[in-house]
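In what follows, structures are represented as structure tokens.
Look at the two complexes coming up: chain A is in both, with chain B in one and chain C in the other.
Our next item is the complex of A and B:
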């Protein structure tokens, strides 16, 4: 059994759209608040754990090193861990094992995100999350994959947008009581969400938590130190994390198995056998409204496809049977990525001490779960926390108290003295390797090649040299048909930097015939947007032989197999987004 | 600081590449090869026997945001606990030690690689690690910081440029018998950032190292154990760091020695960072190992001989140290890394067989 580790303090900056403060300064604000909350000085801290999402936001390579002094880490053992959007919750796991290993007694965990530095739009940092050879040439952006997953989730369980939008309403209303919140709105309605601009159907503007700046810090301590520091430690009872395959187009996006795996690991460690009875408050990850529902199911708190119904019945409201995101979540408090994840841990800390004030959930909660998610819809990080049934405080004020960070308007930001403009002017020439090299040669010859694994019997698209499930070399090559099925799709109305598109783009995950689950990302064309359906049969449209160069773009797009569905793409009304409200 | 009563052993080692380029092989294939040989060495099946996977990498080095997306398949880590440590590979070793000691894992795979040949503009990657507001606009190469530091170090310690040249010559001579070395034959005193010369500067190479670390119960008899780890850093800002000594390596070493319950005098084999020749001498001072016999320091030839493996440098040093201990050449060994300009981060692992 692992040694006991507790959270004993928490602090955060205000979450703002564009902070005047640098990333270091935001980290300093959060770290100082966290230490002050448990009356500790930096000298009392043995080690510092840091997290932050893509380096491209801050425009600094090795940004862990760069942020060290702001996080209070000078001359201390200090390390940055990173699992994409899952990072914020993961840094509490990092803090846990740093203390539980016996190598430190008191640690500070800091999560920083300064997204606004990345121009012309922070989404630019996500253009390079896609496969360098097979996906990036298609020009995918982050909205595409969320839209593809949301569509698949809705289609799998027969949900409509109203089922989803209620989550955004609940969380933005909850956040009205959070002093650090960017997006709290007590009077928002489902109609507001359903009436907001369509970005990439089914994703609308108010389904999304926009880019933000901010930092959060917590203090963690060994059992002895925790008992010395506070009467009301909140114990880390279980931790779990799990990463699924890179080949996201090969999995069913309707259900996050990796979140379930992470949850089972954390529940197992916490001795939680019946999460629905033993968890009293949850902070699931909610960068998009459907994600909260998706994750509540992955956390085994609701049956698959049933979280929307529970939300409609008020179960997940702050005064419901299982309050979810009482903080207001990412949709309400804001989404400085890594910081937003650790904010959830801070919220459980306050809730389980009875200190959440106006946000306090009713009754005497003993145990909560926080979860974050990220990468190519691929990673789950889960922490179970509990107060051991200890007495709760009765706070009248809501923490964090007077959180700082100075918000700049777009105009103030652009006219600030000394703004430094730099470009990440790096160049890469990736070796495609044996497997993808052969796939590219095949595309030039108008062939779609796959590899096979005789151990699990799968035909692998995209082809690889090794089977990731059996962890052995693949056995041979085969050619698969140029036809397939649309697994999920989106109708995109804006570009990655939120400029309107005259003609919508229709990205889709295509499952190729002759494979059990193999497929890839591509575009659908020669079709009216309204006619595209999940399950639609499509065929590849190839470039002429002389124009094929050995690229995923040798396939121009996929079109409906049924000739009567084929037509010229119709222009749609452009979606205009003012810079101050664009996600 | 508490000595490390719960011991962590090295059950398996594996590597691939270690050449100037690895043309025709993707980074995934490079990782697959190293992982397969580490698992074979440890006699484990990663799909059932490894509890946690730690990869040490940086996004901009890879040209991919959120690089951990692209690691699980080739490590046998699909639907398993995987994390990135955004640092040098020895920080990953320290992480594995913590994971095992905390009880959350009994076997951990640690991976780091360099596919430097994929990066056309390595210098610009390093430059992007400099302070964006105060340093980058000056347009000075980050490697110039090594020239500045070497000059200061020569001034403060009274040591000579020829001693540094001797280190480079000695390491490259050591490398002549190392099958992982690609730069044994570089003899070029051209100044790059005077007093730093080309032959005193490690040049990029591709390679991947995977280690399998396990609890004492799961470690085969006679294996090497990681008995102490330490890691630290100095001020990130160039203007306020300690220019006279390798302060972070000193702190990291102190912590690692204390945890291992050994003193510098016990160390019989050291694989230390020599990405610049003067750094080897400076690091030996920081580690308290200046008196260690010359043939006991970087007998592999170090990074000057094997090449600069970016974030995999620390694992390359650890690998050579483990091999040395396995061969019976020494009983207590030490591996040390530094993340390179403009970083101050350093890590140390003390090992016993």
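Our next item is the complex of A and C:
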């Protein structure tokens, strides 16, 4: 059995749209509050763990040491970990193993995100998650990947958008009682969410948590230190993390296998055999409303496709049988990415000590689970925490302070003394590599090439030289048909920097006939957006021979196989926009 | 053959506002032509530019202690090439200056005209006018022996 590790303190900045404070200053606010909450000084801390999501948000390619001073890392063992959006929960796992290994008795874990510096929109940094050769030429918008997953989830289980939208309502209402929240709204209704601007159908403006700035810190301690520091430690009972394939178009987007794998690891360590009976409060990752439901199913707290119904019945409300995101989550408190993940750990700490004030869930919760999600939408990070049945406080409210951090108005942001504008002037030349190089040669000749693995029996699109499951070379090349099925699609109305499109784009994951799973990302054209359906048969429309250069754009788009569904092409073109600093 | 190199870029730029500590520092430069630092009495360390917290003990600090404008040259370098390794038309001298009253050093240009800088020598900030609230409100540091001054 692993040595016991507890959370003994927590603190956070206010989450704001555009912080006056630097990332260092936000980190300091959170770290100082966390230490103060358990009456520790920095000298008492043996090691510091830090996380922050993509470097390109800050344009600082060394965010670990950049944030070191604010995190209290001066002259201490210190390391930044990073698993994209899963980072915030992962840093608590990093803290856990730093203490459980015996390397440290007391560690501080800090998660910071300042997304507001990135212009014209932080999506520019996020776009790097799309494959350089096969996806970025299509001009993707980050929202595509979520819209495609949400649509697949809805389609697989016949879900109603209304049932999903109520998650946004619940979380924004919950956050109305969180002192650090950016997006709390006590009177929001499902109609508000369903009536908000459509960004990339089915994703509407209020289905998604916006960019935010903020920081969170927790203090973790060994069993001896924890008992010395507090009479109400909250124990880390289990940790788990897991990564699914990097070929996101090969995954079944209807279900987060990686979350289930991570949850099983954490539950196993925690000795939780029946999570639905043994977990009393959950903080699943909710940057989108559907993600809370998706993740609750991956966490094995509801059957597949059944979380929306449970949410509609009030089961996940703060006073329901299984309160989910009583903090208000990312949808309500805000979404400074890494910080938002660690906020969930802090919330469980406060809930399991009975310190959550107006947010406190009823009864005497003994165990909770927090989870985050990230990288290429493929990592699950899970932490199970429990109070061992200790007494709950009732008087305290945490975060027990008026959280610091000041939001700048647009005018203040544009006119701030000493402000500096910089462009990360980096250019790349990407090598397609052997497999994709051959695929590009094939596209130029109007052929779609795949590789096969006889060990697992898969025909692999996109093609690769080795099978990532069997970890052996693939067995040869095969040409696949130019026809296939729309697995999932979105109707996208905005560019990557959130400017409206004149005509919507229809990105889709297309599974080519004769391939075993998933497929690849492309655009659908010659069809009215309202006529597109999951399961629709489509065929590739090629550029003429003289115009094909060996690019994913040699396929202009896919169109319905059924001639009756076709209409005149309006627009499918990729929309890479030049970057300008906003005036 | 299909292309062997696919061009790409990271489509982002940044607007950095200076935060609480550096805002006080830049306002000091702009409005009063002074360098503001922060002192942590517990740690006995004065940092320039000003900060709102001590990185050694995390105590809250006031970004209000005036340092300089004279100081000691701690190190210097003569730069002859640009970031792309191309020769500069005019080489530039950069120095690390510990302002009087400060424990930390500041990176800036040196304005020496005759002869090499000397480690340990006294230098003094030369301010521009008008000033906008920027590191470039300081033109650089000149030797005190040159008589540079207000």
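In this text, the second predicted complex is superposed on the first by the 563 of 583 C-alpha atoms of A that agree within 3 Å, B and C clash if a C-alpha of one lies under 4 Å from a C-alpha of the other, contacts with A are read in each partner's own complex, and residues count from 1 in each chain.
As a convention for this text, a residue touches a chain if its C-beta (ideal position, glycine included) is under 8 Å from a C-beta of that chain, and two chains touch if they have at least 3 such contacts.
Treat the numbers as computed from the prediction; the structure is a model and nothing was measured.
K.L.:
Sticking to the clash and touch definitions up top, decide whether chain B and chain C on chain A clash or fit.
P.N.:
fit
K.L.:
Which partner chains sit in contact with A:79 here, chain B, chain C, both or neither? Use first/second/both/neither.
P.N.:
In the superposition, A:79 touches chain B alone.
K.L.:
Figure out whether A:107 sits in contact with chain B (first) or chain C (second), or with both, or with neither.
P.N.:
Neither chain B nor chain C is touched by A:107.
K.L.:
Once the shared chain is lined up, is A:339 touching chain B (first), chain C (second), both, or neither of them?
P.N.:
It touches nothing on chain B or chain C.
K.L.:
For A:242, is the partner it touches chain B (first), chain C (second), both, or none of the two (neither)?
P.N.:
So A:242 only meets chain B here.
K.L.:
Contacts for A:180 in the overlay, against chain B (first) and chain C (second): which applies, first, second, both or neither?
P.N.:
neither
K.L.:
Could you look at A:216 and tell me whether it touches chain B, chain C, both or neither (first, second, both, neither)?
P.N.:
neither
K.L.:
When the shared chain A is used to line up the two structures, what angle, as a multiple of 10 degrees, is there at the CA centre of chain A toward chain B and chain C?
P.N.:
Given the fit on chain A C-alpha atoms, the answer is 50 degrees.
K.L.:
Quick check on the superposed pair: does A:169 touch chain B, chain C, both, or neither? Answer first, second, both or neither.
P.N.:
neither
K.L.:
Which of the two partners, first being chain B and second being chain C, lies in contact with A:437: first, second, both, or neither?
P.N.:
both
K.L.:
Does chain B (first) or chain C (second) touch A:25, or do both, or does neither?
P.N.:
After superposing on A, A:25 lies in contact with chain C but is clear of chain B.
K.L.:
Once superposed, minimum distance in angstrom between C-alpha atoms of chain B and those of chain C?
P.N.:
It comes out at 5 Å between the closest C-alpha atoms.
K.L.:
Touching chain B in one complex and chain C in the other: list those residues of chain A.
P.N.:
56, 59, 68-69, 74-75, 125, 127-128, 132, 418, 420, 422, 424, 426-432, 437.
K.L.:
Give the list of chain B residues in touch with chain A in this complex.
P.N.:
2, 4-6, 22-29, 32, 45-47, 58-61, 63-66, 68-74, 76-87, 91, 94-95, 97-104, 115, 117-121, 124-126, 128-129, 131-133, 136-137, 229-237, 247-248, 251, 255, 259, 339, 343-345
K.L.:
What residues of chain C sit close enough to touch chain A in their complex?
P.N.:
Interface residues on the chain C side: 1-23, 25-27, 30, 52-53, 55-58, 60, 133-134.
K.L.:
Looking at the complex, which residues from chain A come into contact with chain C?
P.N.:
20-22, 24-25, 28, 31-32, 35, 41-43, 56, 58-59, 68-70, 72, 74-75, 117-120, 122, 124-125, 127-128, 132-133, 136, 408, 413, 416-424, 426-432, 437, 440-441, 443-444, 496, 549-551, 576-577, 579-581
K.L.:
Which of the residues in chain A come into contact with chain B in the complex?
P.N.:
The touching residues are 1-3, 53-56, 59-69, 73-84, 90, 96-98, 100-103, 125-129, 131-132, 239-247, 257-258, 261-262, 265, 269, 374-376, 378-379, 418, 420, 422, 424-437, 464-466, 468-471.
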